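In what follows, chain A forms one complex with chain B and a second complex with chain C.
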Partner chain A sequence: MSEAQAPETETETEAADTTQRRSAFGRLIRDPQAVITATILVVIVLLGLLAPLLAQHDPNESALSAVNADPGTPGYLLGGDQSGRDIFARLLYSINTSVLSGLIGTSVAVAVGLTFGLIGGYFGGRTRFATEWLFNLIMTFPGLLLLIVLLPVTGGDFRATMLIFGVLLAPGVYRIVRNLTVGARNELYVDAARVSGLSSPRILRRQVMPTVRGPVIISAAFLTGSAIGVQSGLAFLGLGSTEVPSFGAMIADGFRNYYVDPLQFVWPAAFLGVLTSALVLFGNSLRDALAGARPKAQKIAAPSVQAGSPASRGEAGEALVQIEGLSLSYPTPSGGVKEVLSGVSLAIRPGETLGLVGESGSGKSQTAFSVLGLLPPDAVITSGSIRLEGRELLGLRERELIQVRGRAIAYVPQEPMSNLDPSFTIGAQLVEGIRATSGLPRAAAGKRALELLDHVGIPDPKRVFSSYPHQISGGMAQRVLIAGAVASRPRLLIADEPTTALDVTIQAEILDLLRDLQAEMGMAILMVTHNFGVVADICDRIAVMQQGRIVETGEVEAVFRDPQHPYTRMLLDSILDESHVRTDSPVLVAPGAEGPR
Partner chain B sequence: MTATAPLLEIDDLRVAFPGRGFRARPIEVLHGVSLTLGEGEVLGLVGESGSGKTTIGRATLGLVAASGGTIRFQGEDITHAGTAQRRALARDIQVVFQDPYSSLNPALTIEDILSEPLIVQGVTARDARARVLGLLDKVELPKDAGQRLPREFSGGQRQRVAIARALAPGPKLIICDEPVSALDLSTQALVLELLMDIQRETGVSYLFISHDLGVVRHVSHRVAVIYQGDIVETGRAATVTSTPDHPYTRRLLLASPVADPVEQRRRREERHRMALLADGGTPAGQQGDPAGEHDDPNQVSGAVAGWPGPAIRPEA
Partner chain C sequence: MLQYILRRLATALVLALLVTFFTFWLLSSSFDGVAANILGPAATSEAIEALQVQLGLDRSVVVQYFDWLGGVLTGDFGNSYFTSEPVAQAVGSRLGVTLSLVLVALAISVVISVALGVLAASRAGAVDRLSQAVSLTGHLFPNLLIAIVLVVVFAVNLGWFPATGYTPLAENPGRWALAITLPVIVLVINGIANMAAQVRGTMIGELQKDYVRTLRSRGVATRSIVYRHALRNAASPALVVMSLEFLSMFGGALIIENVFALPGFGSFAFNSALRGDVPVILGITLFSVLLVVSINLLTDLINGWLNPKARLF
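Let's turn to the complex of A and B:
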């Protein structure tokens, strides 16, 4: 499956990387949303910082002459409020209050959450239990209410209130950091760091921190917004010092004065709205940039045939499946098109086993999925044709394809476990498949499923029938999937690396099973694999793929004996078989210790 | 009885993992494993999934705790080495993991990844940087690789970085835990060649863990076969991998497909003959050879017990 999602070759990886290498910052400044919101934020903060220069009045200075003054009154750009204070000045100073609130709340939340998250995530056992318990406790506190109750303690100072609010916000950061740290803890690079003798604090700082940094920065943007919101909310309720200019307090004043001058309430509300929404939108851009979310590839069309299929050559009558000149492309994020199959032609004869061999990224799975009609929606078939017994499969509607899939063509995947639904029993999943393809009633389908399980060499079909996938081994699971695939006696079985995830002893058994089933049912098998041993074991013919092209096709014995294409030769030479036995003696660096063997 | 002085001696090593659930009994995955590895030697450790081969490596590295037995490195008991002893050991014992994607920190540049172990060993940042260039050269990566991030490299190139990291402190022993099984066939051959060149050049020892007999045969002087937490056979690579004594090793050998249709057909027939024989020899034998499914250890021993021959070959 991995190949289906990431069809890329070595060279293509490198090409893609040059675009990817652009740093997070580079991506950020190319995002118009980030640039606009960041500019707004900077302007707002600057306005606040320059308040003493820009405003002509102290925010708390009241003048009788300015009571409810109209906007544009000399010295009162936006007018005066009901106490005769300069609205413009109060707005500018309120910015500082909001920014300070956001900074205090966020830094406390990040400092507390990050520290404990790293500790709780990295060290298991009691340490994690203790931190978990502590932060669960904090989460149960009703935030706003607690801040109000604690007003006598904080003395109404918004800075002290925000300090406490920061602690209340910390569990959010803690959870993010803890989860990421637990994840990183299980990564091999942390093991490698431990093997290198790095101390735990150093591992946390050098290895784990970089992976948690991004998400923490993103959440900090949102936390700042919520800290500002809470501070304004408390001020709106009239809690805290009246001396401190604040958007919340201004909105409350404006409300009271609504019938005299509705604009008085609009100014602070607009400022607060712009400030918090800019923060949230900036946070979103930040997430896209840091988390490396690529812009969505432009969807040209659902798997579509762009070019008309070439005229049939007439030889199709002999083949069960005839692929001709199949080219397949994926749109790339940069707007270009990446071709993963370039004119693949392939014939599968009835009853034969064809090995489709290649390295990762060669397009072998893409070819198989094209035949199944199971390509991702952004795949574009640019030319070619796929005919099953003379019938063109490309361009069929999904409803028509369903008639083909699971009946004429069946599929056995690479990862047996991930292709069984863990929440249903084996039996239920088999019965569903059988009923979908054969229309048998439930009881009959159940009986058929048991027969099939027995048929694929499962020792105790009844037990397996009522088991859940996690209760059986990987080899058993593959037998179950094969049972489901052959239920409808398909004419073609597409097996995509069916034994790669299995041990060799089980691989041998599964290959035996496929061989037996083929002899019995006369189906053709398209065996997608990278393993030449598997090809030698089960295949009649072989097709070698390299970078989206078929470079060589032939009878297995002939190709193994005398490969024609240099790539096939190179692959065959890379195989470590019996002739590659190490015979030289152990190397001795310490002289004198050498002895005859 | 090896030709070389023992570098690593594992004696009766037992490892148990806590069982799942409250007060569940621990599950023992290694039941008294003994191995020796000489200086400049490559010991291949072959086994299937769940056999405990990786656990032996991880116990040697101190990543899992031993529940019994001893691990000695150059005569020194390191079974329960503390932090300080481990840090000193880091100079001598290193590791290359299977997964080249998870074994390199995606957020660090190659240079940072490679210089980190050196800096811990007390090398100054500038000297470490100079050494990194030498390491990149040794594993045949371009000089400018240091400034790049792991995601810019292919699987084979990443594995070269992991090898360079292991080589950084100049170790005497590298635990290679399936170092090539995630790689493509042609890449696999190149990385193996690199590992062997380095080994011949520096005389470092490898404990080479793999499920692939072909790979092990290629790099190892001696081979140990592990099955469900027990070493069933140890001996010279050529012997163990061509004329094995233990029935399990024989089964493993016959099950590994060879890239030769004619030879593979012969092997398949021999395997089928053996399976028939096993079925006849043990009444418990079932259709489809469930022995390979690892579901029930008793089943397997039953099937294996049908075979004559000594369980463990005296080391030649």
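Let's turn to the complex of A and C:
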């Protein structure tokens, strides 16, 4: 993933983990919804625990005088039901039944589902086969029916019933955990952890658990609610002992007595409703706090530009793309604004290769994505101008930008695999791009795609055309992406660290390919890189960025021979220490430089 | 592929045998009461014993089970102890009610959930907040509460719908629709709450992936990115949620059928289990096992087809 979108990845360290947890609690107590619902839950639980003190009657004690007594009758705060029992006392004792049901059901479900989900998801083969089998078996049991069938075994005791119901809920947790674990297991970072020799329990705890934790907590909150719901449902049906007061039984009684006194039905219904909804709302807050910022929906749209910003000063000159005074900001979580580009000016001439160099967070990718109009939706361009052959790009709508993208300006990403849609064949993805930019009919576009694949040096274009992304190698995938980018002979190709994710031997081949394609098509290349080896290899000119500003521009040879800016000098000096060209991390952290963005 | 399906079917068969035997074994502890139940409280112990012998309940559990299994293999699922109705027919006649509810509710929930989830993820802003509020609201109250409040408000107080009872679709479509409206609403509220949030979450995740940016860089229309690419990748997790929802609706129909007094599969199962109608319980168990297994197999097959990387075969 490139720096444009991931301000905080790969910080899975102990320290980061603890601070995250601490601030999660901080977020929770600052969330009014969490505080209110937690208070309600605590009050309800306390009412239940204090029932023997608060209620004047035993929940099952019936008195003839209290039959359908009105609320406020002395000793009967909320009146009596049709059997002459104290409604207030029954409500308080019902809380205990519900709370206990929720706790038993959820703990069993999470304990069973999580354990087996992690095991089944992480270990493939026979282990997963066994867990799948087990949970299919559990799920196959017709849930509520089983509870009913087992009535002779459980004796109708709601605690035993909830124990079984917890096991029946477990497949839900198991499936979530298993799917996430399988997904995480296939992720590159877990692969990396495994290869580097971490033990399985450690990988499960450190790499897999963080992805699993959030969804399990969400489902636990909801499971508690559904355990309480099912318990009241069963009690409503009349299952279990009549000696145990519960909301379900009270609702059933009240419903039967509805025409005599509707309130007898309203009390338990209201209590049950408040209890389950407080639980769900609290779970929701908990999820927000634990998972950090909840994934926010983001509209696919052109970057927002603040009014009156394009500062076009005319004179297009010879430049293909002219960037002038470009400033770009992001809102910060604390409500402020962080400027990531400050007055960037840059010209890209037709047919040249311009290297845009700087360490991570210097703003080079942000500059590149600004030209493409592909910034994250919260980015705001505060001032400046980007002109393509004299035409202002800033302020164009997404629909207009689509006409520019792919045709005039194309893009080659850094990480080849994640930039291909895993569900579509290579061919289908290429054809779609070609048709979008050229309007060719499907068959012709297919033919063109095959030619392109051949052209970028893929030995067996037909096979790759009908392959899915996971069936080809990373180097091959990068060639595919280059083929897709040059499909409509763009005038500018923006390559964002196109070799960083590749093997050293393949890096040179990809650079050669780009050079050949450039010679053939006469396109300009904006090469975003932190690697001076790449710059020396392919670039004509170089622009050096530091902290959102261009600090030096010039011919590559001139800059290498005689760097003017101290920062450039420092970057150049540092590569002398490098034993090889490939580096994934910033070459050197300059004084005062901050992290990404 | 064919081998995979055959293997899964063989597994299903073993599963069905295990589950039915387990159920039978658990039930056997309550066999003593069955005959007494049938004859009523006035029966003498001699009469009860005689009936037990007649029903074969005095034999060992294994013998009885294989006796039942032998019948099943020849298509004879036995007769209800209480109504003498053949089990296959009895189960079949109740399925119509429950399937009416569940399929109608599932179809409505899926359409609304996908629309809501996709719109929320791709439009953001107010649509997104609305969808989150909708799924949260649906989770707040248990089915029982929603069902009973709907009955009280719309059937008892307003009289818009029949409070109880069922009319088959073939008999009178209008009354059928009226009879299932309230129960379907309960199931749909639950269904949307479960599925819309999942669809939204998965769609948001997909739309933030790198391939979306690359597709945008090639001039591909936003419409195609959302509805062709992201939705396709979100389909497989959504399908799993949907299959689970189907099964949970099928099970959850029990309480709803009871509130609305619908003669469905759930209330039939409930009443049979309470009475200890052994052949019916076994028939119901067998049917449920086969239902779950086929839904799972179907889900996995469609998922394999949708997502080349998740292909299990």
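The rule is short, and it goes like this: the second predicted complex is superposed on the first by the 439 of 597 C-alpha atoms of A that agree within 3 Å, B and C clash if a C-alpha of one lies under 4 Å from a C-alpha of the other, contacts with A are read in each partner's own complex, and residues count from 1 in each chain.
The rule we apply is simple: contacts are C-beta pairs under 8 Å (C-beta built on N, C-alpha and C of every residue); 3 or more make two chains touch, one makes a residue touch a chain.
These numbers come from a predicted model, not from an experiment.
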item: First (chain B), second (chain C), both or neither touched by A:G433; value: second
item: Contacts of A:D191 with chain B and chain C, given as first, second, both or neither; value: first
item: Contacts of A:L64 with chain B and chain C, given as first, second, both or neither; value: neither
item: First (chain B), second (chain C), both or neither touched by A:A443; value: neither
item: First (chain B), second (chain C), both or neither touched by A:E398; value: second
item: Contacts of A:P459 with chain B and chain C, given as first, second, both or neither; value: first
item: Chain B versus chain C as contact partner of A:I148, first or second or both or neither; value: second
item: Partner chain in contact with A:F236 - chain B first, chain C second, else both or neither; value: second
item: Interface residues, chain A side, partner chain C - complex; value: 1-2, 5, 133, 136-137, 139-145, 148-153, 172, 175, 179, 186, 222, 225-226, 228-230, 232-233, 236-237, 248, 251, 255, 258, 265, 269, 272-273, 276-277, 280-281, 284, 295-300, 372, 374, 377, 398, 402-407, 409-411, 413, 415, 418-424, 429, 432-433, 436-437, 468, 470, 481, 484-485, 487
item: Residue numbers on chain B that touch chain A, as the complex places them; value: 2-5, 38-42, 48-49, 61-63, 83, 86-91, 93-95, 97, 99, 102-108, 112-113, 116-117, 120-121, 148-149, 151-152, 154-155, 162, 165, 169, 184-189, 192, 196, 199-200, 202-203, 205, 211-215, 217-221, 237-238, 241-242, 251-252, 254-264, 268, 271-272, 286-295
item: Partner chain A, residues of chain C touching it in the complex; value: 11, 15, 18-19, 23, 26-27, 29-30, 120-125, 128, 136, 139-145, 148-149, 152, 156, 200-201, 204-205, 207-222, 224-226, 229, 232-233, 237, 240, 244, 247, 251-252, 254-255, 258-259, 266, 269-270, 273-274, 281, 284-285, 288-289, 292-293, 296, 306-309
item: Residues on chain A engaged by chain B in the complex (per definition of touch); value: 10, 13-14, 17, 20-21, 187-189, 191-199, 202, 206-207, 210-211, 213, 359-360, 457-459, 473, 475-476, 503-509, 511-513, 530-537, 556-557, 560, 570-578, 580-590, 593, 595-597
